[in-house]
Amino acid sequence: MIFPIFFTFFLLLSTSHASVQDFCVADYKAPDGPAGYSCKKPAIVTVNDFVYSGLGIAGNTTNIFKAAVTPAFAAQFPGVNGLGISLARLDLGPGGVVPFHTHPGASEVLLVVQGTIIAGFVASDNTPYLKTLKKGDIIVFPQGLLHFQVNGGDTPAIAFPSFSSPSPGLQIVDFALFKNDLATELIAQTTLLDAPQIKKLKGVLGGTNKVY
Amino acid sequence: MIFPIFFTFFLLLSTSHASVQDFCVADYKAPDGPAGYSCKKPAIVTVNDFVYSGLGIAGNTTNIFKAAVTPAFAAQFPGVNGLGISLARLDLGPGGVVPFHTHPGASEVLLVVQGTIIAGFVASDNTPYLKTLKKGDIIVFPQGLLHFQVNGGDTPAIAFPSFSSPSPGLQIVDFALFKNDLATELIAQTTLLDAPQIKKLKGVLGGTNKVY
Amino acid sequence: MIFPIFFTFFLLLSTSHASVQDFCVADYKAPDGPAGYSCKKPAIVTVNDFVYSGLGIAGNTTNIFKAAVTPAFAAQFPGVNGLGISLARLDLGPGGVVPFHTHPGASEVLLVVQGTIIAGFVASDNTPYLKTLKKGDIIVFPQGLLHFQVNGGDTPAIAFPSFSSPSPGLQIVDFALFKNDLATELIAQTTLLDAPQIKKLKGVLGGTNKVY
Amino acid sequence: MIFPIFFTFFLLLSTSHASVQDFCVADYKAPDGPAGYSCKKPAIVTVNDFVYSGLGIAGNTTNIFKAAVTPAFAAQFPGVNGLGISLARLDLGPGGVVPFHTHPGASEVLLVVQGTIIAGFVASDNTPYLKTLKKGDIIVFPQGLLHFQVNGGDTPAIAFPSFSSPSPGLQIVDFALFKNDLATELIAQTTLLDAPQIKKLKGVLGGTNKVY
Amino acid sequence: MIFPIFFTFFLLLSTSHASVQDFCVADYKAPDGPAGYSCKKPAIVTVNDFVYSGLGIAGNTTNIFKAAVTPAFAAQFPGVNGLGISLARLDLGPGGVVPFHTHPGASEVLLVVQGTIIAGFVASDNTPYLKTLKKGDIIVFPQGLLHFQVNGGDTPAIAFPSFSSPSPGLQIVDFALFKNDLATELIAQTTLLDAPQIKKLKGVLGGTNKVY
Amino acid sequence: MIFPIFFTFFLLLSTSHASVQDFCVADYKAPDGPAGYSCKKPAIVTVNDFVYSGLGIAGNTTNIFKAAVTPAFAAQFPGVNGLGISLARLDLGPGGVVPFHTHPGASEVLLVVQGTIIAGFVASDNTPYLKTLKKGDIIVFPQGLLHFQVNGGDTPAIAFPSFSSPSPGLQIVDFALFKNDLATELIAQTTLLDAPQIKKLKGVLGGTNKVY
């Protein structure tokens, strides 16, 4: 049995224009926009744009929080640009904590793969939702809500958060308040915290006291 | 000149099914979903569903923050359901403050219509953006970022925040931390605040100390 | 008590790539796309990109409609680019009118801050929804529907429309029909208006009569 | 060669809950929401929910516009519910016209399959874009903009508009202005049309004159 | 009666910045992003950007499938860029087939305008939905699901698929498996097909056998 | 120092209506819609709605593919409803394979936590992208594209796929073709496969041969 050579079928689908179709691997040198980075020309995209190996390496937890977050967001992992998803790795040493924070533009599902983690979030009506998670457990933090993770055991814990955005952002409350030059008085006014407490944490986290 | 009566044109556009077209006025009694409330039957919708008068009334600022926020979100203003927008009114007495907070699901543009307001937000990289706003000025707070407003003068100030969602949410950091039963020790661990400071603010804001 | 200096925590979150995270302040010189303008490099963004003072100034209402619309859309207010929201100011002199118009890509909530405004929209089934609004009242115009505003009192009225898009667009029916070179005959055919009426309004609004 | 029976693979993917996955065929009896109609239970969905035959029948053009629009929107064609697309059929008799109109929530691509159609739209800056279309030609009308279609030949024309929404809506300017009880004076004020012209078209289209 | 010249109304709406409003005609020379191509400057946009005539020409069906798909996607038809819709033309000679394929990013509504087409799709639960379509019939293929079209008669058939995206993509299973250099062994493992069958189809479709 | 009791601040934010704000935990008994399941009343939501433990348990791989996929989609994990994200667990025994499949409505990032996995996808232009992944590696499969996973070692492998949708769907090509009652002749016509091959796989996978 012989098949005739076929050659014209769907030929029109390939054009000389850059294709906006299957994916949009981030081109970090071109302008970015509200929807993400510009797309690398498909001709120079390789499988390595879609693979990221950085999450296999433990983060350095020798810091005040005994914690490390290693992101694989669009800024690090070009293949997820425009695709509505990204990942990260969380290392929590014994006593480790990721303090209260939000991801301004994404929901998160946290997967525990080693150790025990106490995780929680607070809803807009101030109700806290807390749970101690074992290996294999997952918890979802709805978009933009304050949440935290604490190592609940005596051994290092590892988790992998997934996000509903390639650029979820990360805003840590302590850093937003104390790791910049916001005036102590203004922080006091907008948090009800006492000035000595504010100054102490500015000292710990490296903030200064600007006089506006 | 005589026009013949016409009668069949576009008749097919009206059907016996509930219409999913121009708007979806909230029906608070039916189930709600991720996209908002169910729609009231168009036949019982009136102009009053699209009009809200509650923002014409000053909020009560006799409270610890000397501030009041009056929302016209989808939960109060059924006409905005599903339309990607809502409004609120902000009253700030002399010395009034809206402490650090976020709207988990929306960006905000704040319009000052009376008095002077110092407004600011902090970006994910901890850079603060602050400005003193006069009557007629507007400022935008990008989605999910921590921001605050402070009365910058000696007289009452009024502003109207607009939101990019009919249900923007509102999470006040002080309330999330101190106006519930989160354990003092856990708060200390996840904020670096000292226990006495936490206990003081729990007292001020009505929180309790749960032992988990 | 002494805190050790911490220095590595979350260091990986800062990268050398332009960040696509918290906001995307419009860079008017780079290409724009379907989602909005390109983003200004974060390093040169200042608080002034997020603040707009143009709405504090009354628009010039010495025109045929005794009305002025002053936009703070992404094209004027770079901070709202990509954030799903924008504002404008509406001045209506005594007798002032914003004639029937649509915003092709946005819903609108109109806030009256001075005077009295009769506002209304017409739904797809031709039902009109009208209301006389006082100071503090708000009305929502669902996306894309024809609506209008008329000064309902003897004194100047001021309102602030908010939009569910940073670039809501504005299409005024009178202008679309009579303020260009559409042939009178074609307009007559597509509106049922009489030719003399069309020619009169072309004269008023500055349109010409192209022969196609 | 023998293959072992396999039976457990992916079994967990089938659950007892109603599935929210591939499609959401409209259930007209349950509540609708901002995203569309509720979903029919998958078990009672058949291929006929995904097929619509109504567009094969010519619309009745014996009316003042010598035109007929037959929609296959979500309200008529349950299979497109939630899928971001719908179709319609347009019949234009000799001299037929679809007068200026908008689809508040959708862009449109019009495909001419018989005859000649003059189609056009007007942009927000009042620039008209007009073209005479032959069989096989397509034109796109960007979301929410005023556009029209006119039979450009002496024989019946047929076209099929596609929409970027399952419920695109259809607002005809003439109908919105003259086919309801809006007061003649108000229409005059908000359109600059003369009262006699308004009254004439109210008469033609069946509108009345409400005294507010 | 004399109308005063009016000149300032809405003047502020025209700015010197490139406008991001009504449409975003594709500029194939500027970078593209996740939301589509960059926008051509409005000043050089013409009606021809919004009109496409390529679908009026029959595709060449002298190939193995006796079929041709002619796309009018954003890559060919710049006017649909960013507008959530596109079209194509399908020609099926007698015995013609569009083999099983998906559109990764869009739902499709297929309109038959000539001949008879047997069309079908398979849902995630493996249920097939099949129908024989006559002229004027439409069928919807929900996003991303496998579907096919077969000429059901003895004469050429023509259909026009509409898509819910300007760049819907097109992935043909046979081509994805057999028209590249995937190793025969790997294909066997990931499809359960026998090696001779795979090799035969590689031969037919022009695939090679890479040894990884 | 004494703080006055404050009690009215933000009181208006709590209303008697069901709140559409922070989250929308799936209520499997109410109707679902295009955006997902209806929301459970916030009052009966508990932390257990946001936590899922099923992914800690190894799937049963004693089947023909020596593989198991355990989903934590909205249908199993009510907390992710409406949040644009979900997870699953993949177990691959030695020689295990997830055959070619797509997720019609989502992109996927696969995280390998044990063993070695050869993963790959094919783009619309038929280019394959393949990589052997070690523990800690991640790969992204852009939305809707055909992809597969194969155990690349001699020991069991475990991976956790994350999806950009709470209901990503899963369509396995082999199952769509051979695990239902599609006629052998029709499959042959739409896949180019030979009838004996089709019949063999129908036998393996449990399909029957319907005569239409």
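Observations on the model:
Chains: A, B, C, D, E and F, in written order; residue numbering restarts at 1 for each.
Quick note on the criterion: a contact is a pair of C-beta atoms (placed from the backbone, for glycine too) under 8 Å apart; a residue touches a chain by one contact, two chains touch by 3 or more.
The structure displayed is predicted, hence computed values, not measured ones.
Graph distance from subunit C to subunit F, where chains that touch are one step apart, equals 2. Of the two interfaces, C-D and A-C, the higher number of touching C-beta pairs belongs to C-D.
Where subunit D touches subunit E, the two copies mostly use the same residue numbers: shared numbers make up over half of all numbers in play.
Look at where the CA atoms of subunit A average out and do the same for subunit B: the two points lie 25 Å apart.
Note on chain placement: the centre of subunit B and the centre of subunit C lie 21 Å apart, centres being C-alpha means. One finds 34 Å separating the Cα centroids of subunit B and subunit F. With each centre defined as the average position of its C-alpha atoms, the distance from subunit B to subunit E rounds to 41 Å.
Counting partners per residue, subunit C has 19, 21-22, 31-37, 83, 104-105, 123-124, 130, 142-143, 145, 169-170, 204 as the residues that reach two or more other chains. Looking at which chains touch one another, you get A-B, A-C, A-E, A-F, B-C, B-D, B-F, C-D, C-E, D-E, D-F, E-F. Looking at the complex, you find that subunit E touches subunit F at residues 97, 99-100, 102-105, 118, 122-124, 126-128, 130, 142-146, 148, 150, 169-171, 173-177, 179-182, 186, 189-194, 197, 200-201, 204-205, 212.
Interface residues of subunit A, counted against subunit E in their complex, comprise 3-4, 6-10, 12-13, 15, 17-22, 24, 27, 30-39, 81-83. Residues 26, 28, 31-37, 59-60, 62-65, 67-71, 74-76, 104-105, 166-170, 172, 203-204 of subunit A touch subunit C in their complex. On the subunit A side of its complex with subunit F, the touching residues are 14, 19, 21-23, 42, 46-48, 50-53, 55-57, 72, 77, 79-80, 83-87, 89, 106-109, 111, 113, 120-121, 123-125, 129-131, 133-143, 145, 160, 162-165.
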